[in-house]
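Here come two complexes built around chain A, the first alongside chain B, the second alongside chain C.
Coming up: the complex of A and B.
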């Protein structure tokens, strides 16, 4: 038992600090992907909901691509593909250019693209759940389009899209495990190294498992709070 | 016109700075390794990188008077990362194969060990011929020469592929597979631990040049012949001056360079 405590301790003897850093990276990556993915997803949904055919088509192509491709492939394309492209482009001007796409940034973009493709569908169904009378009411009392969106549509949209978005958040949290292939040391990569070096696979993968579960539980507590906040208007009914 | 001139001057200046920086960096080499393949290359709990590959890489860098920096990278993305320029050389026990040569270039080998078959202690398997291993469940790490070897040489075996050696080890220990194929060094290292008490080596296999290739080499991008020549010269040098033997002795009881 003492040996186990040494293995998971923080410091030079144990892997606790490595795994903690991995956890931090996973959480940081998921949290920084979220706003990017949500925003992009929202605009893609707006485009799909619009009456402009070209915009609609573009948004549909976007969703088809990023929902269709495996996340791992998207990650490879963003990280390696784009870097190779940039390198070849730069080679036209200088010899042996050193261009490097930051792994964290690449992970964020790739996961964000996938997240937004799915989120756009969640937003779209939420948009469809808001009757056009809501917009007309807004315009009737003299609100601008932007004000109508911000004050009337968005609060309802959040409430309607939240269950689907909660799912997407949890999927995102787990998808971050893919970034180990582009050199980021997340929970899975760190515990994997620890498992292979110490030969204590069960211990370290067990720890990784617990960390993901704890993150999921924390997420549902926060999401529960947001849901109560989003439904605060309903309680008065 | 004057603006055009100014821009041309700026671009030239930029190109010159980059050129100068390149000349300065000639001896700066970034080395990519997996960091999870003991005893060849693995990270330690204190964050340090150790192992045979790492020591060899350091010796080569000292020989080349190069300033080397190590980058750890998951195995699956290691060749794409080299191509994308994340590092300049892969020193991670990568076997030289024709398949890989299509994408990257290799130096001469810096070691070559034979594959072997490990089985549970109570296994009734009699030998390592293809006829001995028909209709058994055989485990291997995917995308390795060992999985290719198994596919080619043991077509009658039921092959299961695992992302890392740890998984086939666990499955071998709990009886989900009958045998596992991997490098003799990897297997014997594992069998020496408590976890490996379940199993033993059934026998080593004859390497097939076509599959196992010429051994493990240093992977570099195609067309970088100067770097390749530098590494080859350094490998010969550390072989000749005894540095290699010292590192070999530190890790293994047998000669890993092979013939």
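Coming up: the complex of A and C.
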């Protein structure tokens, strides 16, 4: 038992600090993907909700692709594909360019694309839950389209989409584990290194799983708080 | 009465005609569609220009093998998972804490942690218990990556399917089982003949989603040296550095998921046709 405590302790002999750094990276990646994914998802939903068929079509193609591809494949395509595209572009100007795409950035883009495809569905069903009288009311008091969206529709939209978005956040948190495959030092990669060096695979991967569980529990608590806050204007039923 | 007839005639305005011409939305829509078309054409051109008979000769059979392995992983995990999920769902609904607490913990663990971490835990972690597994004669099972992957995926999907099943069973109105009781049917018979068939219809859509998730998740098997579709893709890419390997993999996965989704929609429409509101009478 003492040996186990040494292994997970912070410092030179233990792997606690490495894994803690990995945890910070996982959280940072998930948190920085979130705004990008939410914004993109919102605009995709807006396009799907529009009356213009071409806009609708374009948005549906986007969702079909990024909901249908395995997250791992999306990650590889973004990581290698963007690298190849950039290299070919740079070859127009210099010979043998060395371009390496930041794996944090690649992870953020890939996870953000997947997140936004699912988030757009959440936003779309929330849009459907807002009666057209709400828009008409906004126009009737002389608000512009943008003001109506920001002041009247958006607050209701967030409340309606929140349960689905909370779920997507938990999925995003789990999907960040995939970036360990393209070399990002997240929870899973750090514990994988520890497992290989110490030959205590079950211990370290078990710890990794427990950290993900703790992150999920903490998220649920925070999300529950946000949901209560969003519902504060609703009459108790 | 005269004041009614003398009232000013109501002017009924016709509804405003829909905006014709190039609205902002239409411009944006056409631009985006143009972008997709350009991307599609570029993709086809890329596949044509990088056509290489040797590449296809060498990798087509491997891709087919990988595709079959993926199908095996997905179908085996789903079937084994389905078998596990029924007792698990019953455990979740049980009032006995000895059944409810462990099944809750199981479901929470497998739904709350990443599939890739679970796969690592079982595949690499099994090595930590080599002596114990050897002594009960199970080491041969956990030595093989394919078995470990199917084992992990089955446990994972069992947790998800149990929740689907529980939600669907609790969705069946209480009067249904009460009606069964009043007919003097046994609890088992009520569950099998009345509750479960109705629950499965409700569960059809989430089951379809779960199959799609499993197909997508099965790509993780490639990380622990299983040569499924993704594994063959990665191997082909690491040898040829030809990016079309990933493009082909993407096309195959997309077609797989889309075909399943459409077949499933048809299946659901057929199975629930008796629940559709009758539109022919109106």
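Criterion: the second predicted complex is superposed on the first by the 234 of 237 C-alpha atoms of A that agree within 3 Å, B and C clash if a C-alpha of one lies under 4 Å from a C-alpha of the other, contacts with A are read in each partner's own complex, and residues count from 1 in each chain.
The criterion applied here is as follows: a residue touches a chain if its C-beta (ideal position, glycine included) is under 8 Å from a C-beta of that chain, and two chains touch if they have at least 3 such contacts.
Keep in mind that this is a model prediction, so the values were computed, not measured.
On the superposed chain A, the positions of chain B and chain C overlap enough to count as a clash. Of the two partner chains, chain C is the only one touched by A:206; chain B is not. Of the two partner chains placed by the overlay, neither chain B nor chain C lies in contact with A:91. By the touch criterion defined above, A:80 lies against chain B and chain C together after alignment on the C-alpha atoms of chain A. Of the two partner chains, neither chain B nor chain C is touched by A:136.
Of the two partner chains placed by superposition, only chain C is touched by A:58; chain B is not. Using the contact criterion defined above for the overlaid structures, shared-chain residue A:182 touches chain B, although it does not reach chain C. Here chain B and chain C are compared by how many residues of chain A each touches, and C touches more. After overlaying the two complexes on the shared chain, residue contacts for A:50 are found with chain C alone; chain B is out of touch. By the touch criterion stated above, A:100 is placed in contact with chain B alone, chain C being left untouched.
Shared-chain residue A:193: touches chain B; no touch with chain C. Shared interface residues of chain A (contacting chain B in one complex, chain C in the other): 76, 80, 84, 180-181, 192, 195, 199, 201.
Taken in their complex, chain B has these residues touching chain A: 11, 15, 18-19, 22, 35-38, 42-47, 71-74, 76-77, 80-81, 83-86, 164-166, 169-170, 190, 193-195.
By the touch criterion given at the top, residues 47, 50-59, 61, 64-65, 67-73, 76-77, 80-81, 84, 170, 174-178, 180-181, 187-188, 192, 195, 199-203, 205-206, 208-209, 212-213, 216-217 of chain A touch chain C in their complex.
Within the complex formed with chain A, the chain C residues making contact are 23, 25-26, 28-30, 32-33, 35-36, 108-109, 112-118, 120-121, 124-129, 212, 215-220, 222-223, 230, 233-234, 237, 243, 246, 249-250, 253-254, 257-258.
Only residues 7, 11-15, 18, 76, 79-80, 83-84, 87, 93-100, 180-183, 185, 189, 192-199, 201 of chain A touch chain B when the two sit together in their complex.
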